[in-house]
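Labels run A, B and C following the written order; every chain starts at residue 1.
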Amino acid sequence: MKSRLVLWTLAAVALAALPPVALALGEPFYVDLVRRIMILAIAAASLNLILGYGGLISFGHAAYLGIGAYAVGILAFYGFTNGWLQWAVAILASAVAALAIGAVSIRTSGIYFIMITLAFSQMLYYLGVSLEVYGGDDGMRLKARSQLGIVDLNDPVQFYYVTLVLMLLAVFLIYRIVNSRFGMVLRATKSNEPRSRAIGFAPYPYRLAAFVIAGALCGLAGALYGNHTNYITPSFMSWHQSGELMFMVILGGMASTAGPVLGAFAYLLLEEILEGWTEHWQVILGPLLVLSVIFFRRGLAGIFYKPDA
Amino acid sequence: MSEGLLSVRQLVKSFGALRATDGIDLEVIEGETHAVIGPNGAGKTTFISQLSGNLRPDGGRIRFAGDDVTALPAPRRARKGLARSFQITSIYKDFSALHNVALAVQAHAGHSFRFWRDARRDEALVGPARQVLEDVGLKDKMHVLAGNLAHGEQRQLEVAMVLATRPRLMLLDEPMAGMGIEESQRMIEFLSALKRRHTMVLVEHDMDAVFRLADRISVLVYGRIIATGTPEEIRANQEVRAAYLGEEAG
Amino acid sequence: MTAILVFEQLLNGLQYGVMLFLMAAGLTLVFGIMNLVNLAHGSLYMVGAYLAVAAIEWTGSYPLGVLLALLGTLVVGMLTEVVALRTLYERDHLDQVLATFGLILFFNELIAIVFGRTALYTSLPEWLQGHIELIPGSIYPVYRAAIILVGVAVAIGLWYVVSRTRLGMLIRAGATNRTMVAALGINIRLLYTLVFGFGAALAGLAGLMAGPIYAVQPGMGELILIQVFVVIVIGGIGSIRGAFAGALIVGIVDTLGRAFLKPVLSHIISPPAAEAAGPALASMLIYLLMAIVLAVRPSGLFPAARH
């Protein structure tokens, strides 16, 4: 336990040291890159709550990334640039959407659940495409970044530190949740559902609650993401994005606190490297992913320590 | 006759053309240990599953502690005090023995929508769990991963989890399944000690256990109860001997 | 909004439904028999479309091109099964989802490398162009009518094979009792590869028929695949009957919705609002339908018996 705290502190320090180092070396690009990775790490961590710990194979999690981003974008479109307001709306809207989608989907299981969550996120994607006023398929520019008052998101380094703090907070929050009574029920239901029902736990309310929490947290990631890219498109909600999030969770190691963060770094850095080689990098990434599933399922976190018991 | 703690009337369950439960009537009196025996395929596990809420009967009704629970889902029945152990071991393989039982304690400690405090160190959960494990005899295996326990120890853990829910009635589905002679003896002694404080419905094949533990026995053949009575009455019953005991050695 | 217009859109819905059925049948067969969730099914649709484009151009003949495309997709399907999917039968659904997701990326990019990213449009031979008069006063494109005929023929053929032939019996038996069938000396591996190949060919057929109507471009498979999922959820997993019912329902509801929701809405709410809300609602229609069906029948309308 102590060793984990040490590792996390080291990681936090390393990440905090990156901007000054990168700027000193004249490579501001890395600030942007790592910021993007950290934002998606928050999204991956939120997915890990329901997928890794809850056993819910949700293939539509990117929907909340999109909702969060669009909340910021649409409010900015109409002149509401207060970041606190925007982000609160992003979180709330995602939570409501997750409640609606989860209420229907969680009644099902197995292959049905996978297809249904995918279908609902695709529905939202098409909704985004059909709303011409917000750019439709092409998306829209963010009018202005969220105004937070105490920090200026237009400064890449300040934005970076905001993201770093939020990522650490998100990870910590999820850590507390999965070890609380609530988290125990979630994990128990994943481990053995009939046993859980036999001792008196009804899975549905707990799963739904976890689904909503995960959605809300992903909505926050979406708000950050929209600010980061400065351009908001329906592709944020695509099945492709959902699949990428799932891979980050798996590659990093499910049901572990560090997993999604490690996975996000591994996956996105790999993408970055491959993109540098060829524009057709997906023809390499695809088979790599297939091989990783076939041969290497324990994930990266398994290298550092045993998964949570 | 006043209603027992568990009262079953005309329970019916069919799977296609097969009538697995064919009109069962049963009364379980509070405080008694009531064994259900019968040849393989008689429908014992189907019956227990309907009592615990894992299976919905096609007809008939089940009353528990005065309330009609026929349509009540399994988790709700468990919280009312109707607890069940499984014939095929069903524990949390990736949790320690202690946390297995702690979860059972937690299920009966109010709602679990608590998101912050660490449940692994919560004395309110871990304390009682430790106690139950001690009672069952698994104290030194507390921190072992349940999946790594020996088969007999896992069966003990099953019973421990039922106990931890402080049940009013325990449904034990072949608790000694797959156990060796020594382990079975220990389990029988343990269940014997529980008799005084608990009401039990015990499904078992082990006749030694049945005759030592049961206050009353019901014999289930082809989905129907053909006889209910004290062990002596059942031993002497001609129909039972013909249908069941006569086929068994001694 | 005349009756004739409605009739034409109904036919379009039928045509789209038939294509959905071809995809859904293959997907549900593979899932029902091999317990494999295959996200790359859409890629086979895409492969069929592209192979048709290439083969027709190469041979100069439509029928020959179609045949080659079908065979080609069959081969690609079987190759994929042998190389990448065999190991997945034993794994859980999550692994299958992730692995086949990787396959999608691979196929999409491979096609982009070979054919480029811009959408291709295929032309039809003379004898498939033009219109015919189905009912007095209404003319309908020959090609779309042909698609409906082909789809219905395949549906009948499938029903016949699965319920009336020994092969169908084998397939159904393979689903319910693998060891038994294997013990009879039948090569399960070969059976699975053939079933998968057949599903691939159905997807390829849908793809090559789609070419002249919809854009042929990388990623086209995923767009239709998700609607196929809706079909399967509504119809019930593992059942061809469910796939057929679900496909027709989804095809018709989607087509009619896109055609008529906006005009209908503009009678109820103001035209400018209908202008925005119409298309948005229309695109969400089948998903809302799916949610409703799930609320009432969680296993779909015609689920296969559990094995």
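As a working rule, a contact is a pair of C-beta atoms (placed from the backbone, for glycine too) under 8 Å apart; a residue touches a chain by one contact, two chains touch by 3 or more.
These figures come from a predicted structure and were not determined experimentally.
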What is the set of chains touching both chain A and chain C?
none
Can you figure out the chain closest to the middle, judged by Cα centres?
A
Inter-centroid spacing, chain C versus chain A (mean Cα positions, whole Å):
31
Whole-angstrom distance, CA centroid of chain B to CA centroid of chain C, is 49
For chain A and chain B, what's the span in angstrom between their mean Cα positions?
43
Touching two or more other chains, which residues of chain A qualify?
none
Hunt down the residues of chain C that sit against at least two other chains at once, touch-wise.
none
Can you check the complex and tell me which residues of chain A touch chain B?
176-177, 179-185, 187-188, 191-192, 194-202, 206, 209, 309
Spell out the residues on chain C that touch chain A in their complex, using ranges where they run on.
31, 37, 84, 87-88, 91, 93-95, 97-99, 101-110, 112-113, 222, 226, 229-230, 232-233, 237, 276, 279-280, 282-284, 287-288, 290-291, 294-295, 298-299
Complex contacts: residues of chain B adjacent to chain A:
52, 54, 73-76, 78-79, 83-84, 86, 90-96, 99, 102-104, 106-108, 112-120, 122, 125, 145, 161, 165
Under the definition above, what is the set of chain A residues touching chain C in their complex?
57, 59, 104, 107-108, 110-112, 114-116, 118-120, 122-123, 126-127, 129-133, 239-240, 243, 246-247, 250, 280-283, 285-290, 292-294, 297
